[in-house]
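Shared between the two complexes below is chain A, which pairs with chain B and chain C, respectively.
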Partner chain A sequence: MDEKFEPKITAFVCNWCTYAGADLTGTSRIKYQSNVRVLRVPCTGRIDYMMVLKALHKGADGVIVSGCHPNDCHYTSGNYHARRRWMVFKKMMEVMGVDMRRITFSWVSAAEGARWAQLVNEVTDQVRALGPYAEFRQIIGAGIE
Partner chain B sequence: MSRIGVFTCHCGENIGATVDCVKVAEMCKDIPGVVHSVEYKYMCSDPGQRQMQEAIKEHQLDGVVVAACSPRMHEPTFRRAAGDAGINPYMCEMANLREHCSWVHEKGDATTQKAADLIRVLVEKVKHNEPLHPIKVPVTRTAMVIGGGVGGIQVALDIANGGHKVVLVEKSPSIGGHMSQLSETFPTLDCSQCILTPRMVEAAQHPNITLMTYSEVEKVDGFIGNFKVTVRKKARKLDEKLCTGCGLCIQKCPNKKISDEFNEGLGTRTAIYVPFPQAVPNKPVIDLQNCTYYKTGKCKVCEKMCPTNAIRFDQEDELVTLDIGAIVLATGFKLMKTDAFPEYGYGKHKDIIDGMQFERLASASGPTSGVMKRPSDGKEPETVVFIACSGSRDRAKGVPYCSKICCMYTAKHAMLYKHKVHSGKAYVFYMDIRAAGKDYDEFVRRAIEEDEVKYIRGRVSKIYEEDGKLIVMGADTLMGGEPVVIKADMVVLATAVQSNDRSEELAQTLHVSYDSYGFFAEAHPKLRPVETNTAGIFLAGACQAPRDIPETVAQASGAAAKVVGLFSNDELTREPIVAVVNRQAAPVYSTCVGCFLCQGACPYQAIEQEEIKARSGEVIMTLARINPGLCQGCGTCVATCRTKAIDLQGFSNEQIYAELMTL
Partner chain C sequence: MEAVNQRAKELLEKGEIKAVLGYAKGTGHVRRPHFARKAGQVDQLVLDAACLQNLAVYVTKHEVKKLGKVAVIALPATQRAILQLMAERQLRDGELVILAVDGEAVKELDSAAALEEHLALKAQGLDAKDKALLAELDAMSREQRWVYWQNELSRCMKCYACRNSCPMCYCGTCTMDCNRPQWVPVASHGIGNLEYHAVRTMHLAGRCVECGECGRACPVGIPVHLLTFAAEESIHEQFGQRAGAKAKLDYALSTFKTDDKESFIR
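Coming up: the complex of A and B.
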């Protein structure tokens, strides 16, 4: 393993809560590790979990999915759909042997700037300790390419 | 091949101090498809925008990435600028180098690299962007104001005077809010009711305003210009049209010992009641919890006494659905109760009261008719201690923020007390005096210098009762923390301002954001203070943060101006971020198979069934179709669709996967 391994983290966040929360982290000047790359979607309900797998396939070592807390969804119920899909996806991934420590599902509201920084740091530290997720890319790569 | 321009902003020092913008601009030149990459001190400034527009023309760009602040801040600015330069506005995307990069990371190569990565991702997205066109929707020129306090009344009057219809919804039986409870107002010491009640009457009589008192918002559907709001009109148990407000029922009601909310529990009222004599509308309601008839099945004295037979014991709550174009939230605040303070006796001592209770004691319309009498035994208090910051600026037990109004009203209370009890002694324990405002500091100085109120800088650690006195144990930090013990007859706690009960629930009903204290969140703290992030919903007053009356009124007029501005359009343009079900030539028609799982997933009932018919009229297949007027663009249907027949404009599968491929 590379001595100074820096993980790549991809975050799928909703526009209204977590993206705004991450903006607040910035406005509050709370520092966190720079490994995360944020992809903005309107709502967590928009997230097709194939995207998560694609991110891991294309080099991400860890993934964060985050949106509005239950009841707070800008679109009323998108986050519930995301959560339902997540439950099924998680079960399926466990069966398939994907390390679920790599994928974190969370809620961060527009008011929780500090929570976002904490989440990113936690995930980054955890994934850094786990090392690169080459295993996934080997399996998937063998199938696809 | 795309011709994309990248414009990196320094944002003065905000980005430039931690991200090497020059290097980023150089790095971006190597991204395939990028034909132009520059950096500039302030992209959002006029010369910055012009530079971008000139580059679009000169280099014939077909897509633009502006790497600057959050798209939630300036996306409309740059999209407009791009549109003016002749490309489709939706071919412009923003990379968030400020909030998501420079402000949150230390200076260094990793941060500069991240900035370049963020841009690279967006360049890939822009390559797959499609030109989009805003959707036009009609506007219903009726506003709804939720909350009938001074803020809500001001909003309603301003909009109504602008020539538009307003529905003013208030949960309690009368409009007026907290201001109607106040005795006198700082810094002028003019009578609160004298300045408010004419406004209340004006609102009630205005031809453009419909009052809905004793009503609550139950459900909100739709979007800016086209909301459908369901309001629950709680049963007053009274026919408002027949009631003349004579008050005979109130006089004869046998149940007279109910704690009076308007007087903050310091007085009593009957089971059929009007909250206060100047109530608007001046029509009673029956309190179902305390009415003898509803408890025992017998009584109905009010029904027998009513000269116009207006009492309706069988009246039920009514649900009314209204078409509304814009909503203003003005739901106000609540005060923390005295029972939140163990060191001050958990609210057990009758003579330890909060600020609003003091207002009622000092008010000419209050339970003592404005004569200073302490609640426990009705004696005139000779020594009164006022404790500012009770619960405010207290991270351990209360709220961390400053409640803003307490310094001023505590000075006012001490002053009013001294005006009523000339020989009395008034002490104020404070942390800091925050009297920023026109004539505010002068007012506090007047309390100290002319009315001889003793200000002690320090906290009170404990209050206990001894021989009919309240022993207040504090410290004077300007005297080196020397202990101070005062034998008081009454203590007034300036308790913290909190968000109103059920404000989070209301925020969820309206889909607006709120902070961790339950105050509604503005769209931008400085530049969009009266708007929420949900288009068409605005804020006024203390539902957003602690505020005094002048600020509330000013913000209310601001919100009203926003609504009137909105209503001056014949039709509104909406972001074309909507889902679309693909259509293809016969015989395929669409990859949609007509399972309609999307219909169940859509929160807006925007998905319809469309029948594809042959010339004979025979239905060949039934496909999903999305009504762009109803779709809000959440994309839940897109992720639900099994055949990937639905895509979301602006966040299409192609765009998102393109972004992922470059990570």
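Coming up: the complex of A and C.
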């Protein structure tokens, strides 16, 4: 590759905590790397594992999934349900050999603007170091879309 | 077998049931599912070590429900599947006569509670062979597992035999058949196969009764059952529960504990 590799990161964030947190990052004028594409959903409970796979399918090199801290869910229990789902999903992706260093789960509250910036920077640096997700690219190219 | 057949014949003659679902001789050593509708047909039923299929897949089918009350010759995996189907409200108490066969012993059951009690006496979990296969997979590096599954799944032609043979895959419209939105590409190429098997596994996680029927049904010999087995074992490890053990629905992914322990969420 001639040009320097810049990773694409897709972030699925919940409306009430992480999205507001990311907003606070902006209003606090904290700079962070612009590789992240933020997708807002009502709640982490809404984030289907298919969305994560779809993001990788459509060209993301890394995925961030983030929502309210446990006990802080706007809908009381959405993040608890999501946590269980991720616990199983992560295990299954490991069994299937998907690179879990590219999928980051986190809790970022509406007050943690600085933490969001730090998270995005860390994930972007990590995925940049890992390079493009070549294995996944390969199987996408291996058929007719 | 004699006792089961005798009892099945009796029930059919008395008109208490409309059919007996069991196994009959197929081609070669294969045993195929068989519905005996008349007492005279019961003699065709066989029961031996070659009878492997999970018959619970048929009992939720519209065509079978239409028959009326049916007796099922149920080996342990079939018993677990029927109990899980009852817990998921796909079958009612008294809708089936379950002729529970465990080795030589035969027991006649007709309710979820009776089935739960019956199954509680038995050890649950994988047999040594499947445990060894999972351990083998576990011992591989992440890259090796990726290559292993890509290699195996490359043979997949999305015939959906794994889905169709599974007693727990009873949805009227499967996500796979849904094209608005089309979550999983239809073609059986790399990404389509990966996504299909990931979705199948996740939909069965916490519901798989570990009968292994999907793996046996696969015409190209992909060990797809290892995926659902791994999910099930991981759920047992993390949440301490198993599918096909309780009369009351106990689905790991529709509930939670506030102190669920994980170590990967930042």
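List of remarks:
Note that in this section the second predicted complex is superposed on the first by the 136 of 145 C-alpha atoms of A that agree within 3 Å, B and C clash if a C-alpha of one lies under 4 Å from a C-alpha of the other, contacts with A are read in each partner's own complex, and residues count from 1 in each chain.
Definition applied: a contact is a pair of C-beta atoms (placed from the backbone, for glycine too) under 8 Å apart; a residue touches a chain by one contact, two chains touch by 3 or more.
Note that the structure is a prediction, hence the values are computed from the model and not measured.
When the two complexes are overlaid on their common chain A, residue A:K54 makes contact with chain B and with chain C alike.
By the touch criterion stated above, A:W86 is placed in contact with chain C alone, chain B being left untouched. After overlaying the two complexes on the shared chain, residue contacts for A:N71 are found with chain B and with chain C alike.
Of the two partner chains, chain B is the only one touched by A:K31; chain C is not. Residue contacts after overlaying the shared chain place A:A117 against chain B, while chain C stays out of touching range. Residues common to the contacts of chain A with chain B and with chain C across the two structures: 54, 71, 77, 81, 85. Remark: chain C residues 137, 142-150, 183-185, 187-192, 194-195, 197-199, 201-202, 205-206, 226-227, 230-231, 234-235, 238-239, 252-258, 260, 262, 264-266 touch chain A in the complex. For chain A in complex with chain B, the residues that touch the partner chain are 6, 8, 10, 15-17, 19-20, 22-23, 25-27, 29-34, 37-43, 45-48, 51, 54-55, 58-60, 71-78, 81-82, 85, 109-112, 117. In the complex of the two chains, the chain A residues touching chain C come out as 49-50, 53-54, 57, 70-71, 77, 80-81, 83-100, 104-107, 119, 135-136, 138-145.
Chain B contributes residues 70-73, 96, 98-101, 103-106, 110-111, 114, 117-118, 121, 507-508, 511, 513-516, 521, 525, 533-534, 577, 601, 603-604, 632-636, 638-640, 648, 651, 653, 656-657, 659-661, 663 to its touches with chain A in the complex.
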